[in-house]
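A, B and C label the chains in the order they appear, each numbered from 1.
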């Protein structure tokens, strides 16, 4: 198991560096020669028109896809092609566009599942239940309840997630990602399909996660208002190519970005 | 040495064609509805029983026609009573439902038609044919009944393969297999399509049942033939008609050859009580294949998207 | 009204995570177990033991095993019969060649052997899923069936191909009457069921269920698919192997490989489908259902005064099995366990309608 332990990164230093990464499926180029970095403690937005390669980029960071070219450095250590669970071990958590919850389990169990990496008690203690396994279970439950309180989902914790409304499902998924105590949290369109009120709630949660837990966040989002309000820096992709990278104000007034969104450049 | 091996090979290939026919029934239903129809074997048995018993009381052609009607009625019943109520359930639920249908059909068939062994007299020639007498002493033995059965099956397989590839209906069926609800929402008459597919599958099962029944006699173990068709599906790919053909040939030949060539070696080395490798060889072959190529020879790549 | 939880506040997470958080459930189960151990031996006759109680208990263990693999972890397996055979023959060979071994160790050995074979045949699950995996498990089923029929060493070179075991004894007490057999099997079942319940409500259960529901997402939160699937195969096969050994030793006495053929595999699968996938309770309910149905069906014609051949009864059995499975899948895919849970829900309010 190659867990990229890396070194401790201070706030403001580069946590993740993506250098000249290219990814193609068959003949289709999803990402072409993209380079950027994410600094510890910041909220980084990744935006771009549909099909720009944003989700593919997250998938590469996550370990789902392996880029044909380029290099990724995480916590100061270059990363070879790895499987998603190795990325998880290394401290990267992820949410998905289409909520990837365990539909057969309750909200509480889903978030408890997020603690999987932290639970170490062996098989025979599990058989016995009473003793160290129970103690660990209770300890983890305590931490998970903190997250549940934080996200205000106490009232639905024992309900099967398949039965929850979409907005709450997204919150549970966020909770599961938080349960991993990640260094880097990747959010793929966390506000998709939400109304204004839900978006405001989710925005507050994201800001709180960043402020309270200090988690570095990279998010893909389409709502420009949210992006401008939440993020410290913005990366703009179009057709797999980076066309802008900077603070929100810069990006907003960047002609190439405006053209891309209006479809003028093609 | 080569002579007997060739004989076995030819025999195996012909058996393989019969396997293909059974596998074809599976593929049709899977392509059109995404359902893995475990009841295919029971359908073969049921069809064979109907034909065998009916042909005792009436001319063969009439018995055949009636059997076809019975299988169509069966398709109706399955569609109405079971499939319609499980639309858009997960594949595993549908699979288990077909398991239930299989058990039901086996019991039902035998309670109506009886559970003895019945003969199907198709009037096929029984005198063995010998070919290549100039090359091998005595020539290679070919059972003409098996040959005719193989030819009939091959014809059916080809007809169905062409039908699926070329016609509009065939294309619609392929669309349905992808997503029931989506197909419904664009106006494809789901129920009628399923009905047609299960009816055709029933017809295929009838022909397969007749061929196998003529060969082995119609009895309960016929439904186990379907279990043999599963490795064929694995090898060929669950969604592929050419795959069912090729898979059937490979399994049929492979099985027989393994029994003749491999079994004696194993018996000697491990001091076994007899061969009988045929019981599991096809499966292990399919398993090994699966590990190398999980979607089968011609199946569609299973791409998981997040 | 009887079933109110009002006033039952759990003041610790430990209490919340107990197997039976509601007091009425706890009392019910304790009473049931006490009844099973103490009261049943007072009135039950031989028939009840040998034809109902013992088969149901042993098959429940197998059902729990398959439920762990298929119900909790989502790996469809049609190879249960084969693994039961491994357990039975492993136990037979150990008892034969090392006759002094404690019987508990013999059964443990059976489970471990089955577990090892299960891990081996479970390896394909890392590459293969769904129906394909089901077919792959059939490979293990047919191969094992064949192996125990042909490899003479397994049957100790018996010319007939079948093996027989004498009565067993535990710490000097001979287990030779139906009552003693029943108590022994009951004790094993309770211990194994409790262990299984402990596993599935902890981190391993969550790991398995996550793999079942969405194995890609499971990998993302750090659950290794290898670990999840193989551990499911391992634990499942252990249980099924123990059940096979118990079946051979205490239910059959003598057997051939046919006792563990593909029909047995289907039987165990039906148990968990009807009983409830992904529940421990469902394993018991399903086993009871599958064992009792043929018995009821056999007696029914006599009670109703209709004459029917045994062949006909067997056909009707098949039909009913099939029909009931389909019915359950349409009406209540979560099985008897779900129906039980719904009944309890209703009891909460009874006699009020809402």
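The rule is simple: a contact is a pair of C-beta atoms (placed from the backbone, for glycine too) under 8 Å apart; a residue touches a chain by one contact, two chains touch by 3 or more.
Everything quoted here is computed from the prediction, not taken from an experiment.
K.L.:
Which chain pair racks up the highest number of C-beta contacts?
P.N.:
By contact count, the leading interface is B-C.
K.L.:
Taking each chain's centre as the mean of its CA atoms, which one is most distant from subunit A?
P.N.:
Most remote chain from subunit A, centroid-wise, comes out as B.
K.L.:
From the mean C-alpha coordinate of subunit B to that of subunit C, what's the distance rounded to whole Å?
P.N.:
32
K.L.:
When the C-alpha atoms of subunit A and subunit C are each averaged to a single point, how far apart are the two points in Å?
P.N.:
41
K.L.:
How far is the middle of subunit A from the middle of subunit B, if each middle is the mean of its Cα atoms, in Å?
P.N.:
48
K.L.:
Would you pick out the residues of subunit A that each touch at least 2 other chains?
P.N.:
Each of 96, 100 in subunit A touches at least two other chains.
K.L.:
For subunit B, which residues are shared contacts with two or more other chains?
P.N.:
Those would be 306.
K.L.:
Would you please write down the residue numbers of subunit C that are in contact with two or more other chains?
P.N.:
216-217
K.L.:
For a test of understanding, state which residues of subunit A touch subunit C in their complex under the given definition.
P.N.:
Its residues touching subunit C are 62, 83-85, 87-89, 93-94, 96, 100-105, 109, 112-117, 119, 121, 123, 126-129, 133-134, 137-138, 141-142, 145, 176-177, 179-180.
K.L.:
Flag every residue of subunit C that touches subunit A in the complex, lowest number first.
P.N.:
Subunit C reaches subunit A through residues 12-14, 16-17, 195, 198-199, 201-204, 206-207, 209-210, 212-214, 216-225, 231, 278.
K.L.:
Mind pulling up the subunit C residues that touch subunit B in the complex?
P.N.:
For subunit C paired with subunit B, touching residues are 76, 124, 127-132, 134-136, 138-139, 142-143, 145-146, 149-153, 161, 216-217, 262, 266, 269-270, 273, 311-312, 314-326, 329-330, 333.
K.L.:
Would you pull the subunit B residues touching subunit C in the complex into a rising list?
P.N.:
36, 81-82, 85-86, 89, 91-93, 95-97, 99-108, 110-111, 115, 227, 230-231, 233-234, 238, 270-277, 279-280, 283-284, 286-287, 290-291, 294, 302, 304, 306
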